[in-house]
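Structure, as structure tokens:
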């Protein structure tokens, strides 16, 4: 009689693992990456590789310093990849790599590594670069013009010169912009794949995009909301960054609030803010609100009548 | 009676300290007053002489008239307005015919390294010799090249300068 | 067919009901049995026999003065060998009576009762005397059928959900003893004066739903209805079942009686039938022996038979054994040894080989929120788990730790393989200790 | 008449007192471990900043300017604020013990809170009107409370996190503040 | 013995890294080293002056009104600094802006006056003031040099280039608030790391 294994129930676990989720996200990003390479040339691949390698190396180094085990769970790859996707296609490689390193070191590892960070590392990396090197971060090129001919993004054109870009170009991605935020369709394919696999919650992207559309419809009669939904990084942000588990609310109710809040901020930045685009900032700001949302927005507990959604901390 | 005594005992040192402090500060103020006024004046004069080198100035209502060899050359005035973040304050020199002589940014709070370039000669020199109606960004139909990545700051300063210049032109006409 | 009713959240573990099509087989009479004196929730029994006594099958050999307890009976005829401390499949050490079979299988029965004529009190007394406890949960049935004054019961729900993987005991009982189940149900309805009765069956047991419907129709009782339920775990949990069928909720911190409903297992109804109509006490039950055994079966086993005996009857282990569970994959209790006896609520003996028994490596929580999504109660399991680990039990209360029913859905779905349910139950235990 | 909405948005978001002007950092890091105390502190600061803005403006306009002793503003402002907070504490303690329990413990901390002094000085520097000063003071208080609340939420969550030892407590709070400030860059250049 | 009063403020009880005082000016004016130097000289003057004066008159100040008295003394020194800076170093004065009058609410000063000068003799208070100011200066200059070097790619103190320009693309973020928080966080983490390693040994 071999010794029996005794462990508490349940004795079966689902086959979903961190790796499975992370690598699915990477697979979901393939169409977007392909579009980026197609429109902006092979330099894009160098940037992506630089970001991923730098992210992995930084994570390895930081975990070693902290005396912890490095696990190839794919999260650092996602951070690097997502960061690369929201960089301009002709950014110097060292800058991209530095952004990834900063993101992993200061937005992830100092908080204790995977699962503990407050802010989305990729977006921290982007905003860090954006604030540090504004010129390089706003030098765009037209698709297929593989040498750097600077131009403005659709949102930039709209904000500065009130020129709208045709929807079909925005949907296909035949516009200037960050590597991964050009083709709305490619992003949508990946996003729908993840939703179908149930790896991300459809509520966040839906409430986020819908808020932007509806607010634009109400606030600006002269602007069509479809343009604002398709332009810029809204799709990339909504499907791949606002759905990041670690930095967004844990409850379904909270995720809807997160989406709405981020949508409001995007609209505020685009209409009255200093930047043409506000997706990265909106998600980062809502990341900061996430602990408060998590604390006060909880699902209704079985057997307890829902009285208030928000329980003021003074009550306790 | 006791409480009155106590109040007196407590308040007298405080009052004394206040008096001494007031006296010291008045003395210091008197000592520095002249210099501070001089400093403030120099700031204005400094920028005045940048926009019209070698000229002397007469203060008018809200602008200065610039005289060279006793002859009125043009006007110098401060143009103020909100930029990308915070107020941009510029000294503008303008010839009587409505051509800009020179501008000088007195203070601004733009994004460091980006918007702050509006204060640098590479940018401000563009204004020299331009007519009022041309003080617009190229994309707005003017002759000023905006700074890459800092369109808002560039546009803000051109708007500020042009609006004020137009005002002064109307006043002096 | 009506739309299946359900509840929010929940999970879909693999069914693995490999014994669903296998008719109940009578197990061999074992050479000896161990009748534990504490097989139920409530006070333990005191032995009524002593070493060397001769006993018959169906003879009461242990009882307690306490109301919330149920007597135990010998399930074979033989001689009492010893009364000593035994390991119960629940993991506790309790007193047990070891009886060696004389091979004759002589029975004593109680007097039959006609439930039409008998009073409520008589029937409840009989249910107690027969040692009937909930064959799913192990709570003495007569206690459950005697709600405190002022609690109006209007509905009886018969639990045929059997949402656990592998377990098919109730399923087979419903197929093969349908009449007895319905008759037993009517007895219970009479006792609690219920106006309505529902039999909730998960829709992966279509044959059982059809069969039960036929029988109910034949009985011609308009009060009873068979309700198909969505196949989902933990459909068979009492509170969840009441919610799914009646859309009523057990108030937090309250009792199921507050919903006006009582839930009984289908097998309990059958046992009630046996006790009342036939005068047979609860001495045997259907046990699904399944998993990595050579030939999985539904066995009608005498209570007190050792697990090893029953596994042997199914051809023994297939491959190297890793875990033996009393119960299904989700809620089963892992056993230290394979010679523990079957007790009244042992519905399943599940053998898992080494490969399936491995506990996966625990990783950091990535806050994916899946546990929140599946929690049928609406808790935030991962935060509860973290707070419990940190020893911040007071804050656990703010997150309603007491409402957790320990279904384990959170642990099942966790991609980081954190044993969340275990952490929460640790927190609950600690809080209980503090409360005194 | 200044654009009051612009003043408010400026003080709450664009030039958030804590994250951009670095005013009130001591309570920002000191009282941000629990959301409940952060909220209490926030309310106390909002109240004091609003009142202090009004009082210092009145004193500056009707006392310091007429007597041409503008150079005395630092001395008078700090004295007035300290006295006001002291009085407020005594009044609340006497008349509303429950409010005192909720806010009173934070009041002494506010005396040397540079945010209050800072808002009084800024009102004078920016030459706001009385209403403008009050709006500025109130909004600055709101901005302070917002930052404090966000910070406390973050720190509460970090209590369950596995922060490396060297970064425990204050360093990680500073890092969080850095990232929060980075996120607040969103508002730079925002105009109404 | 007396030397302790001087050195404790510099190292053991450094007002910034150990006592966590004076954060607001520390982060606000540490964008450039010369700002930092100017600010710390102002603090030095105010702190030493207030420490000495308060220590001198400590017997005469009634405990009930000691805080107002301290505040008046401190505020007077601050105003003097403000006025003279405006007159003699106008550029620095403009860059430091409202952070000069805000020295008055710098917790280091009130803290030292209250905890030390009001109880100790003049000579001790003088040394304490100097020590604490130097401690403050060390902290703020350290942070300012990191920020200036990284954000401008060079270091210039009062017009003299200490470190020549070494990069055309410096990180502007270090000039902005996030850079300030980041710098102090890293410095503090390094100090903690050192202490932890010492503990282990």
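Letters A, B, C, D and E name the chains as they come in the text, with residue numbers starting at 1 for each one.
The definition used in the following text is that a residue touches a chain if its C-beta (ideal position, glycine included) is under 8 Å from a C-beta of that chain, and two chains touch if they have at least 3 such contacts.
Predicted model only: the values in this text are computed from it and were never measured.
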| item | value |
| --- | --- |
| Each chain counted as touching subunit A and subunit B at once | D, E |
| Distance-maximising chain from subunit C - centres being C-alpha averages | B |
| Most centrally placed chain - per-chain CA mean versus overall CA mean | A |
| Top-ranked pair of chains - ranking by C-beta pairs in contact | A-C |
| Chain centre separation (subunit A, subunit C; CA means) in Å | 47 |
| Interchain centroid distance [CA atoms averaged], subunit C/subunit E, Å | 71 |
| Chain centre separation in whole Å, for subunit D relative to subunit A (CA means) | 33 |
| CA centroid of subunit B to CA centroid of subunit C, Å | 85 |
| In subunit E, residues with contacts to at least two other chains | 68, 72, 75-76, 79, 83, 172-173, 176, 178, 182, 189 |
| Of all residues in subunit A, the ones touching two or more other chains | 106, 110, 113, 116, 128, 131, 134, 274, 294, 316 |
| Residues within subunit C bordering two or more other chains | 364, 383 |
| Residues of subunit B that touch subunit D when the two form their complex | 21-22, 25-26, 28-29, 82, 84-85, 111, 152 |
| Residues of subunit D defined as touching subunit E within the complex | 19-26, 29, 71-75, 78-79, 82-83, 111-114, 117-118, 121-122, 125, 165-168, 170-172, 174-175, 177-179, 181-182, 185 |
| Residues of subunit E that touch subunit B when the two form their complex | 57, 60-62, 64-65, 68-69, 72-73, 75-76, 79-80, 83-84, 86-88, 90, 94, 151, 170, 172, 175-176 |
| Residue ranges of subunit A touching subunit C (in the complex, touch as defined) | 1-2, 4-14, 16-18, 20-21, 71, 73, 75, 113-116, 201, 245-246, 249-252, 255, 294, 298-304, 316 |
| Touch list for subunit D against partner subunit A, complex | 35-36, 39-40, 102, 149-150, 153-154, 156-158, 161-164, 167, 171-172, 175-176, 178-180, 182-192 |
